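A, B, C, D, E and F are the chain letters, set down in written order, and residue numbers restart from 1 in every chain.
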Amino acid sequence: MFYHDRQLQYKVRVEKPNPEFAKLLQQAIGGVEGEIRVCLQYLFQAWNSRGPQKYRDMLLETGTEEISHIEMLATAVALNLEGASTALKEKMAASNPLVESVLGGKDPRHILSAGLGAMAADSNGVPFNGSWIVSSGNIAADMHANVYAEATGRVLATRLWEMTDDPGMKDMLSFLIARDTMHQNQWMAVLEDLGNVHPIPNSFPQSQENQQFNYTFVSTNINQEPSPHTRWTEGPSVDGKGTFTFMHAEPMGGMPDLSKPDPLTHAQTEQMVGREIPMADKSFIEKAKDVISGK
Amino acid sequence: MFYHDRQLQYKVRVEKPNPEFAKLLQQAIGGVEGEIRVCLQYLFQAWNSRGPQKYRDMLLETGTEEISHIEMLATAVALNLEGASTALKEKMAASNPLVESVLGGKDPRHILSAGLGAMAADSNGVPFNGSWIVSSGNIAADMHANVYAEATGRVLATRLWEMTDDPGMKDMLSFLIARDTMHQNQWMAVLEDLGNVHPIPNSFPQSQENQQFNYTFVSTNINQEPSPHTRWTEGPSVDGKGTFTFMHAEPMGGMPDLSKPDPLTHAQTEQMVGREIPMADKSFIEKAKDVISGK
Amino acid sequence: MFYHDRQLQYKVRVEKPNPEFAKLLQQAIGGVEGEIRVCLQYLFQAWNSRGPQKYRDMLLETGTEEISHIEMLATAVALNLEGASTALKEKMAASNPLVESVLGGKDPRHILSAGLGAMAADSNGVPFNGSWIVSSGNIAADMHANVYAEATGRVLATRLWEMTDDPGMKDMLSFLIARDTMHQNQWMAVLEDLGNVHPIPNSFPQSQENQQFNYTFVSTNINQEPSPHTRWTEGPSVDGKGTFTFMHAEPMGGMPDLSKPDPLTHAQTEQMVGREIPMADKSFIEKAKDVISGK
Amino acid sequence: MFYHDRQLQYKVRVEKPNPEFAKLLQQAIGGVEGEIRVCLQYLFQAWNSRGPQKYRDMLLETGTEEISHIEMLATAVALNLEGASTALKEKMAASNPLVESVLGGKDPRHILSAGLGAMAADSNGVPFNGSWIVSSGNIAADMHANVYAEATGRVLATRLWEMTDDPGMKDMLSFLIARDTMHQNQWMAVLEDLGNVHPIPNSFPQSQENQQFNYTFVSTNINQEPSPHTRWTEGPSVDGKGTFTFMHAEPMGGMPDLSKPDPLTHAQTEQMVGREIPMADKSFIEKAKDVISGK
Amino acid sequence: MFYHDRQLQYKVRVEKPNPEFAKLLQQAIGGVEGEIRVCLQYLFQAWNSRGPQKYRDMLLETGTEEISHIEMLATAVALNLEGASTALKEKMAASNPLVESVLGGKDPRHILSAGLGAMAADSNGVPFNGSWIVSSGNIAADMHANVYAEATGRVLATRLWEMTDDPGMKDMLSFLIARDTMHQNQWMAVLEDLGNVHPIPNSFPQSQENQQFNYTFVSTNINQEPSPHTRWTEGPSVDGKGTFTFMHAEPMGGMPDLSKPDPLTHAQTEQMVGREIPMADKSFIEKAKDVISGK
Amino acid sequence: MFYHDRQLQYKVRVEKPNPEFAKLLQQAIGGVEGEIRVCLQYLFQAWNSRGPQKYRDMLLETGTEEISHIEMLATAVALNLEGASTALKEKMAASNPLVESVLGGKDPRHILSAGLGAMAADSNGVPFNGSWIVSSGNIAADMHANVYAEATGRVLATRLWEMTDDPGMKDMLSFLIARDTMHQNQWMAVLEDLGNVHPIPNSFPQSQENQQFNYTFVSTNINQEPSPHTRWTEGPSVDGKGTFTFMHAEPMGGMPDLSKPDPLTHAQTEQMVGREIPMADKSFIEKAKDVISGK
């Protein structure tokens, strides 16, 4: 279960409110790279955790920390919006041919829907979506999802860091960037701790997978260029269980062959009549229609 | 640009059509772990690729291969649905108290919307969503997204493999599982090829990130339990650039302090009046209202 | 900021795992009436809170409690799924014409995507959506959103209570139903505490709203039936600021009159030529096309 | 069934077209606070209505009125967009370093997709979503959903009113604000008419809910601060059926205990091996793998 | 503006309630082929209509009729659900190994969320989505969207007709199928009335489109098979403005050439270093990092 | 299966990068009128194709060509974004009261999420959605969906053509506009080839549809205006199988009559008590509650 403190995990100061930056910060709250995503992802992984307790514990810790990060960013959005609606109204009154775009770069819903507060949405106002939460039941797959989430999260945070000159915002972001560094390391530490994890899942017997294509790079290049001699086309595989080879793609599956449409699905009559009948022979089609309609 | 062959990459046979399995296969087509996702993800990464050409080439190759996998799975869905609508109608006629659920486990839209064909949706009929496509502009972040996608994709494929006894389906899945093995290895090979990639992005100067919290495990456990002595709480960090430490969470940010609502956002008057005024003092509120309404 | 305890807020026991009930429980996790919604809704309202501190405090408390409810329900889903995949596989082997629907009533993604764990989705597998989070900046509007959320949440919980005979599940639900009772009361207590809140927002001067239609019931019934003499068609209004009246709908706005299409939007030429020109006069249309194409 | 008149319910005039305001108006059409939502919500509640006829009648009336409001707003959007594409093209030709943002604040799809017309989307272009429609089968829950919808709807309308100086738009909005006043009152009148409605649903026997927690405020504050002595922590409950009390949160549910992963879900082997086995004992893991793969 | 009658447009009877059929009917309400879609589509096209009045009038008429169809289908869903929850509870009590799937084929939200009523969702519970509404500003494009909508709508209705033996449901569907026949004809009649509409839009000067590829079938077949001599590879084009020809696809665009990543986007350093530098030359990379980090 | 060439189908040049135009181009990639939609739509129609082989072949060809168009547009987006982040940062430093909106008209995720690359989203950042893919199993319905898709696609492309003066972009768009001309013609050629296709589906016996309403225009106009004498209210129907007539809408279905709520759904008690009991008789309601709660 969960508790809170009324204080923030780390300080959030905004020297000069900037509603455009508030819009950018939304990506770090409700975007696919954002904190709601990692928060719920780690918590669901913890709650669904089966196997050694230490992994559940760790996931619960960091999932809980991420709630505090959503809180920090939501506070940062609210502070960046202070004064925005009055400023906007004044600007609309003063608008002239040179500066017509008074709303540009701002999220209109920050005023219209949220009254100068944060939302569970990304920087384009697209709502957070639960489909982004990864909790597969396989801990190695989940750890890769987590490394990816922290990698794109840290990329996002560094881009936000570049987009502001506000010292309070830069300080807050340098804290969040540091936490992303830690969390990337943390999920990689679990993978190291788990040992030989690849190919994921490692509980499926590899003898059951097709042995001809499990370590082969397939080139679909129509010009049939030779192997580029890269790390992924020759030499031992990274998982240490095979050897990379290179081949040109070729069709091995033949032509697909579906039956004619089931009359109950009401395709066009011409589809049911089939291949061998010339489409011009309408009398045949009429007969088929009779059969279908029960005459 | 792109070309096609009318033949399939690998053979797709279904001995005994099974509309319930068709529903399960949809997860591998339009689900978050499915082939539309990886196909578009690798292609967008290729098209957006900046930097060494060999990475663009590789992404284009494998993105193209994945189109062929969507095709195989779509064909498998269509074959598993053959005869389904007639069977369903017959069963509805014969339904009795013991077996009333004739539709259960089937996707109704396979008949209603697709006429016994595949759809761009998951196993619950939830449509494919473009927000799942990761192409961040940072190749190391993208590679982790790809390893994760192939890890959950292979987990999904092994689960599907368990859920069927149809030899044709098992054969097709053993091919796809093999390809997932290769692709996991392939993206890890790129990470190895890139060298020292962590923390991602490696182009942000770590001196700018908060130095106190970039290698520290923060425990939010209310019982302040001691460090569990795990790989992620002590010893060298996995990226080789720091040392893991352990601390108990504590608030460093103080209380957030937002200003009173901007009158133009039309919060309740009582919110604007503020903290220090007793709510019972209605005359004050009335005065505030006068101010707001311009009297 | 936030902390956790490894123990649950209230006990979660499942005597007989039931994957169909696990599917139903998802509605209470990731559905529009579910706990992720109220959790994030109350927390965002707290984080965006402007005005008296006591409201922010209260929202933060209850938002934090709701995280513990998601945790309880996620645990309940996981426990109800125990053994499900093995049972399913055995049933598939034994399937016969009488009992063909082995998957019916179960969420296939509980196995395929979550490995027998909970998901951030509703009982049809539709993902949680951030657009459901209400935090308007007006505390009275927010409190009504909260009463509604707890009302549909409690309706949902009582329906789930009816759908199970498992004593552990009934006990857990009777706890959650009790909390919904409290939370409904709690948000109503805030409304009472705020005093005279209607019409919301009460900071907009009512003198600015149209005075003819602010307390009038408009009947759109084509048969022009007389007033039904109900609470909402006569007598004093509930907010105490007007008197209900009754009228039959009638058009007061005249015909809308849009101009012809802007040529740059490339409507059909016939739309641009306008009303007064007979469509048959193709030579005119040809001339119009010439103008458009700059001849 | 339904009829129409070619005239509008209320006049819609735009003195000076403003494509930025057209974008804002979209929130009132296709946003979560908008008219499509309330229109479909009241109509579905009417169509699903079970119980006294007078409620169905009333819902049908107001649901029908709301269609006329969508029509008014769509007309307002179209009028605000008149001339927009030509103006935009001219501005692009004249763009200079000082005024580069020619599109800022405008919805690009108003030109690209709708040809200067309204869309079923919000002010960020996010499409209307059917999940917002509340029709629970419980009339008291539905009425609270309706009060909330009209409360956020009126808040939105007053914010739009502040954002424009166009007298035609201000007049139209003052009509819509008045209707929201009426509709808030109307749904509250139904709640008053229903009598003692709380806790919702009132048809569930309260004796079945947990008696210890149905009127208790649970504080999750880690600092265990004392009761704040507010309306919601002491005194009679608002529903008149209990007494508010205050307690500090404490875990009553013990540790959750999930079983090891089902082998068929293909978790990592290390998860299945369990807690008591040192991860380093790889030979054990290898044996587990043999069991899983049927050797 | 709009009016209603309390009676239905056409009779809706259900002899034997069937919750599985209620689930199927949802596709015709909130699915992409359903009545909410065509209703809002025709109304938005009317409200956005620019050009001859007769088209606006016609769209308004039929858009209004479609509201009555949603009403009929919602009523049909509610009637098919009567008794469903009691039946379900009894079945759960009697469940045995042979008939375990008591929920299969039913929409759980029909009970949990809607209390045995209809929802604004499709047959898988996926919510209606406003992105399906087509109103392009070009009347010919819109008419094609409408013919398509009525075509898939009628296909859906005939499939539903096949799935039921209830005479009341068959009668209602035969009415809706008839209306779809009319509406298909109606939109085609507009296209005929408009005259020479192709290519759409006909207001763009065809002299501005690439003249080499506007009537050429491009074959991407890797085997370079000869022209199949079909209606679409030779002979006059259907719009009467060109002649179909046939060619094999070939790349005319050269290699795409993007610049190196902008340092501010924080790609990996290795991407910025560029093509010509061997990845192994780490000292160079280190230098690049120094530049980036401002050393 | 599929192959690729590293070269583009047609040249993509950008003389002066313009991030605002990059945002507009997104509509043609991930919007409902865009290339991902038609690409997947034609491919799914091909893969699900039942009936004459020539239709499958054609769909596969054009579906494959559309992948090349996504590629071209993604490249165009990336080229239009070159230099954008540096320019933005410089502008932010120089921002002044006259030019405050530095982000306006740009998609913030082009920098934040995609690192100056293209995304699978529309011009408002709303993700591509799989629900847009039409593959109904009826080839005539599918062809109308395709004509509609190419019609709105060509309308979009001409609008984009108007919005740019960059010669490279105009050239690329004139190629895409030409291809849309061809594809519109191509799908119409299939309809011509199929012969007498209406009403769709033509395999449902028209004798089973309601004979009174299948060729009648229903006017919902409350003023009962006479027939407008248009192509769709009189004369032979377009499908040649009926004669258009005109009627005024009238209710034929009587009042809907749903039963009282099922107690297990926990409606309010007052709904269950029913119509004939005065709401004021609370003692009756109390008795009803006793019955429900089992006293």
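In the analysis below, contacts are C-beta pairs under 8 Å (C-beta built on N, C-alpha and C of every residue); 3 or more make two chains touch, one makes a residue touch a chain.
None of these values were measured; they are calculated from a predicted model.
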item	value
Touch-network distance, subunit A to subunit D, counted in steps	1
Interface residue overlap between copies subunit C and subunit E, same or different (over half shared)	different
Degree value of the rotation bringing subunit D onto subunit E, based on Cα positions, nearest 5	180
Separation of subunit B from subunit C, taking each centre as the mean of its C-alpha atoms, in whole Å	24
Inter-chain centre distance, subunit E versus subunit F - centres from mean C-alpha coordinates, in Å	5
Junction residues of subunit B, two or more chains touched	1-9, 32, 47-48, 50, 57, 60-61, 64-65, 68, 75, 78, 85, 89, 98-99, 101-106, 111, 113, 115-116, 124-127, 129, 131, 136-138, 140, 152, 155, 158-159, 162, 193, 200-201, 204, 208, 220-222, 249, 251, 253, 256, 258-259, 261, 264-267
In the complex with subunit C, residue positions of subunit F that touch it	155, 158-159, 162, 222, 264-266
Residue ranges of subunit B touching subunit F (in the complex, touch as defined)	1-9, 30, 36, 40, 43-44, 47-48, 50, 57, 60-61, 64-65, 67-68, 70-71, 74-75, 78, 113-121, 127-131, 133, 135-138
Subunit F contact footprint on subunit D (complex, rising order)	1-6, 47-53, 85, 88-89, 92-93, 98-109, 111-113, 115, 121, 124-127, 137-140, 193-197, 200-205, 207-208
Subunit A-touching residues of subunit B, taken from the complex the two chains share	3, 5-12, 32, 54, 57-58, 60-62, 64-65, 68, 72, 75, 78-79, 82-86, 89, 111, 115-116, 126, 129, 131-132, 134, 136-138, 140-141, 144-145, 147-148, 151-152, 154-155, 158, 161, 174-175, 177-182, 184-186, 188-190, 192-193, 198-201, 204, 206, 208-222, 228, 230-232, 237-239, 242, 244, 249, 251-256, 258-259, 261-262, 264-267
Of subunit E, residues touching subunit B in the complex	20, 23-24, 27, 31-33, 91, 98-99, 101-106, 122-126, 152, 155-156, 159-160, 162-163, 165, 220-223, 249, 251, 253, 256, 258-261, 263, 265-275, 279, 282, 285, 289, 292-294
